[in-house]
Amino acid sequence: MSRAEAFSDGIFAIAATLLVLDLGVPRPDPTLLDGFLHEWPAYAAYATSFLTIGIIWVNHHAVLERLERVDRGLLFLNVVFLLFVALIPFPTKVVAHYLQSGGDYAHVAAAAYGVAMILMGIAFSVLNYYASARGLIKAQRRLGFWTQVRYSIGLLMYVVGTGLSFVDARIALIIYAGMALYYVVEPLTASEPSAH
Amino acid sequence: MSRAEAFSDGIFAIAATLLVLDLGVPRPDPTLLDGFLHEWPAYAAYATSFLTIGIIWVNHHAVLERLERVDRGLLFLNVVFLLFVALIPFPTKVVAHYLQSGGDYAHVAAAAYGVAMILMGIAFSVLNYYASARGLIKAQRRLGFWTQVRYSIGLLMYVVGTGLSFVDARIALIIYAGMALYYVVEPLTASEPSAH
Amino acid sequence: MSRAEAFSDGIFAIAATLLVLDLGVPRPDPTLLDGFLHEWPAYAAYATSFLTIGIIWVNHHAVLERLERVDRGLLFLNVVFLLFVALIPFPTKVVAHYLQSGGDYAHVAAAAYGVAMILMGIAFSVLNYYASARGLIKAQRRLGFWTQVRYSIGLLMYVVGTGLSFVDARIALIIYAGMALYYVVEPLTASEPSAH
Amino acid sequence: MSRAEAFSDGIFAIAATLLVLDLGVPRPDPTLLDGFLHEWPAYAAYATSFLTIGIIWVNHHAVLERLERVDRGLLFLNVVFLLFVALIPFPTKVVAHYLQSGGDYAHVAAAAYGVAMILMGIAFSVLNYYASARGLIKAQRRLGFWTQVRYSIGLLMYVVGTGLSFVDARIALIIYAGMALYYVVEPLTASEPSAH
C-alpha cells in the first residue's frame, strides 16, 4: 500500500507543480506591472487549482490510511482517479485563457473546469464505494457519516458551479475558488486540532 | 531495493502526468464545445496512455516485490526499461497529432506507438528473464505460468496492433485502448479479490 | 507525517527540476559560444533559484522533523507554503527574460522575484507559528532563538532586495544570488559539523 | 538521510523524464517514416542522457548508502550536485538541435555537453571528498581504490570527449554514448552478481 501512496503522491505533486508552466512571461502593457495585473486570471486559476489538488491530496490520504489491504481492482480504480487528478492542469489553462481573452467562450471553459472536477469526484466516490463493498477498510475506521456528507457537498458544489457557468462564468469560478479557500481555512479555525 | 522502487515510481508518475502537457487550449470552431470535440484524439490518447502506464506500474510492482535481492545488472536493466516507460508521452503526442490532422500519416503514427510499446514489453521481459536466470527471485514467489501468459498476450496484442496499423490506423488504436480498458476493468469483476 | 514530507519533497524536487525548461537552445550570435554567453542571465537565474529551493528544502525539513504530530490545519498551511515554492520557476523566468532583453522592465521583474520570495517566507513563518501555537512541536525540539533570527534575516534580505530593485535591478539580483551562495557555503566552513 | 535520498531520487527521475519533452512530433519528409529517421540525433541524445542519468543515480546511491550520518554541509553539496544533474536536459537539447541542423555549431554544442558532465563529475567528487574528510562514511564502507578509479575514468573520458569535440563533434558524441552503454552493459556480463 505504501507504494500506491508513493505513486499517488507523485501524481499529486507533479500535477500541482506543472500548473506553473502555464504562467507565461507577462508583456509590458504599457508597464510591466500592468502586464502582471492583466494576467490575474492565470494567477487565480493557479492558486485555485493548486489548493484544490492539495485538498484532494489530504482527502485521498485519509481514505488510503483507512485501508486494511489493497487488491488489484482498487489499484486500478486509483489509477483511474489519478487520471483525473493529473488532468487538472488542462481545464485550468483553458479557464485562464478564456477568462483573459474574455468573450462568451469563458462560459464553456468554466463549465469544462467543473465537469473535470465532477468526473474526478465521481472517480473518488467509486474508489470509496469499492473499498467499502470489498471489505478493504479497517472495521474501526469506516468513514463517518459527516465526512461522507462533506465529500458529497464538494461534489454537489461543482455541479452547481458547472450549471451556473452558463449564467455567468465568473460566479462559477468564484464558487470553485471559494470552495478551495473554505476547505483550507476551515481546519485552521477548529478550536480542537484533529489528531492525525 | 526500496530505492529502485522510488526511482521507478517517480518515472512512472512523471511520465503519466507529463501527458497532460500535450492537451492544448482548444480553439472555438465555431463554438468552444466544438473545439473540445474536435480534439477527441488527444483525449483518447491521454486516457489510453495514462491507463497503460498505470497497468505497467502495477505489473512492474508485482515483479519488484518478488525479488529477494538486486544486483547492479538488474538496476541497469531497470533503467533501460524505464527509458521506454518515460518515452510513452512521445508516441502519444505523435498519434494524437496525426489522428487529428487525418491523412495517411496516421498509419505510421499508430505503428510507431505500437513499436514503442513492443520495445518496452521486450525490455520488461528481459528484466524478468534476467531476474530468474540470476536467481534473484524469492523461491516461493516465482511468476505463475498464467501470469507469464498474460504478459505475453499483452506484448502479442501490440505486435498485432502494429501490423494492423497499415490496414487501418483506427483498428490499431482501438486495440491499444481496448487493452488498457480490459486490464483495468477485468480485476474489478473478479469474484474473489486477490490478496496483496 | 512521512506522507506530508513525501508530498513536500516531490514539490521541491519538481519545482527545482522544472527550472531547466526555461533554458532555451541558444542561437549563434555570431558564434554559438557567444550565444551561450549572451544568455548568462538565464543561467544565473537557474542557479540562484535552484540553490534557493534547495536551501528552503533543508529548512523545511528541519521544521517538519521537529513536529510531534500533524493536524489538518498544518497540512493545509503546508499546501499554501508549497503553492509559493512551486511558483518559483515563474518569477525566475520573468527575471531571466527581462534581464536579458534589458531596459527598465528589469526593475519590476526583479521586484516581482523578491515579492514571490517574501510571500513564501511569510507562508513559512505562518506554518512555524501555527505549529508552535498549536503545540505540535516536540518539547525538546523548539527552534532556537538564533535559528529564528537566521530565518528572519533571510526574509528581511528579500524585503531589502525588493526595495533596491527600483534603484538598480542588478543589485537586487546580486543580493538574491549572494544569499543563496552564502547559505550553501556557510555550513561547509563550520569547524564542527552539526549532527543531523 | 532517507529524505536526502527521496529528494535526490526525485530530481534524478524528473530530469530523466523531462528529456522526452524535447522529442517533437516529426514532420513528413516526404513520408512520416523519413521524418522519424531524420530526427535520429534527438533519439540518440535522449537515450544517451537517460542512461547517463540512470548510471549517475546508481553511483550516487552507492555513495549515500555508505554514509553513517549527514551534516548540513553535505546536504548543500548534494544540492549543488543535483543542480548539475537537473541541468542535463539543457545540453541534451542543444546537442540534438545542432547535430540535426548540422554545420559547425555542433562542435560547440558537443563541447557544452561535455562541460556540463565535467561540472557534474566535479561536484560529485567534491561531495565524495567532503564525506571522507568529515568522517561521515561508515568505517567498513570506504570506497575501494578501483571504484574511485572507475569514477575518475568516467570524468576523464568526458574531458577527452570535450577536447575531441573541436576535431569532430560526432567522435565526442560516440564517446558519451559509448560510455553510457558500457556502464549499463558491463555489470550484465559479470560472472558473479554483486550483492546489494
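Note that the chains take the letters A, B, C and D in the order they are written out, and that residue 1 is the start of every chain.
Going forward, a contact is a pair of C-beta atoms (placed from the backbone, for glycine too) under 8 Å apart; a residue touches a chain by one contact, two chains touch by 3 or more.
Remember, it's a predicted structure, so these values are computed and weren't measured experimentally.
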| item | value |
| --- | --- |
| C-alpha-based rotation, subunit A on subunit C, 0 to 180 degrees, nearest 5 | 90 |
| Subunit B against subunit A, contact positions shared by both copies (same if over half, else different) | different |
| Most remote chain, CA-based centroid, reference being subunit D | A |
| Approximate Å spacing (C-alpha centroids) for the pair subunit C, subunit D | 26 |
| Residues within subunit C bordering two or more other chains | 6, 10, 14, 18, 21 |
| Arrangement of touching chains [line / ring / star / complete / other] | ring |
| Pairs of chains found to touch, sorted by chain label | A-B, A-C, B-D, C-D |
| Subunit C-touching residues of subunit D, taken from the complex the two chains share | 1, 3, 6-7, 10-11, 14-15, 18, 21, 69-73, 75-77, 79-80, 82-83, 86-87, 89-90, 93-94, 97-98, 105, 108-109, 112, 130, 134, 136 |
| Touching residues on subunit C, where the partner in the complex is subunit D | 5-6, 9-10, 12-14, 16-21, 23, 25-26, 28, 31-33, 36, 46-47, 50-51, 54-55, 57-58, 61, 183-185, 187-188, 190, 193-196 |
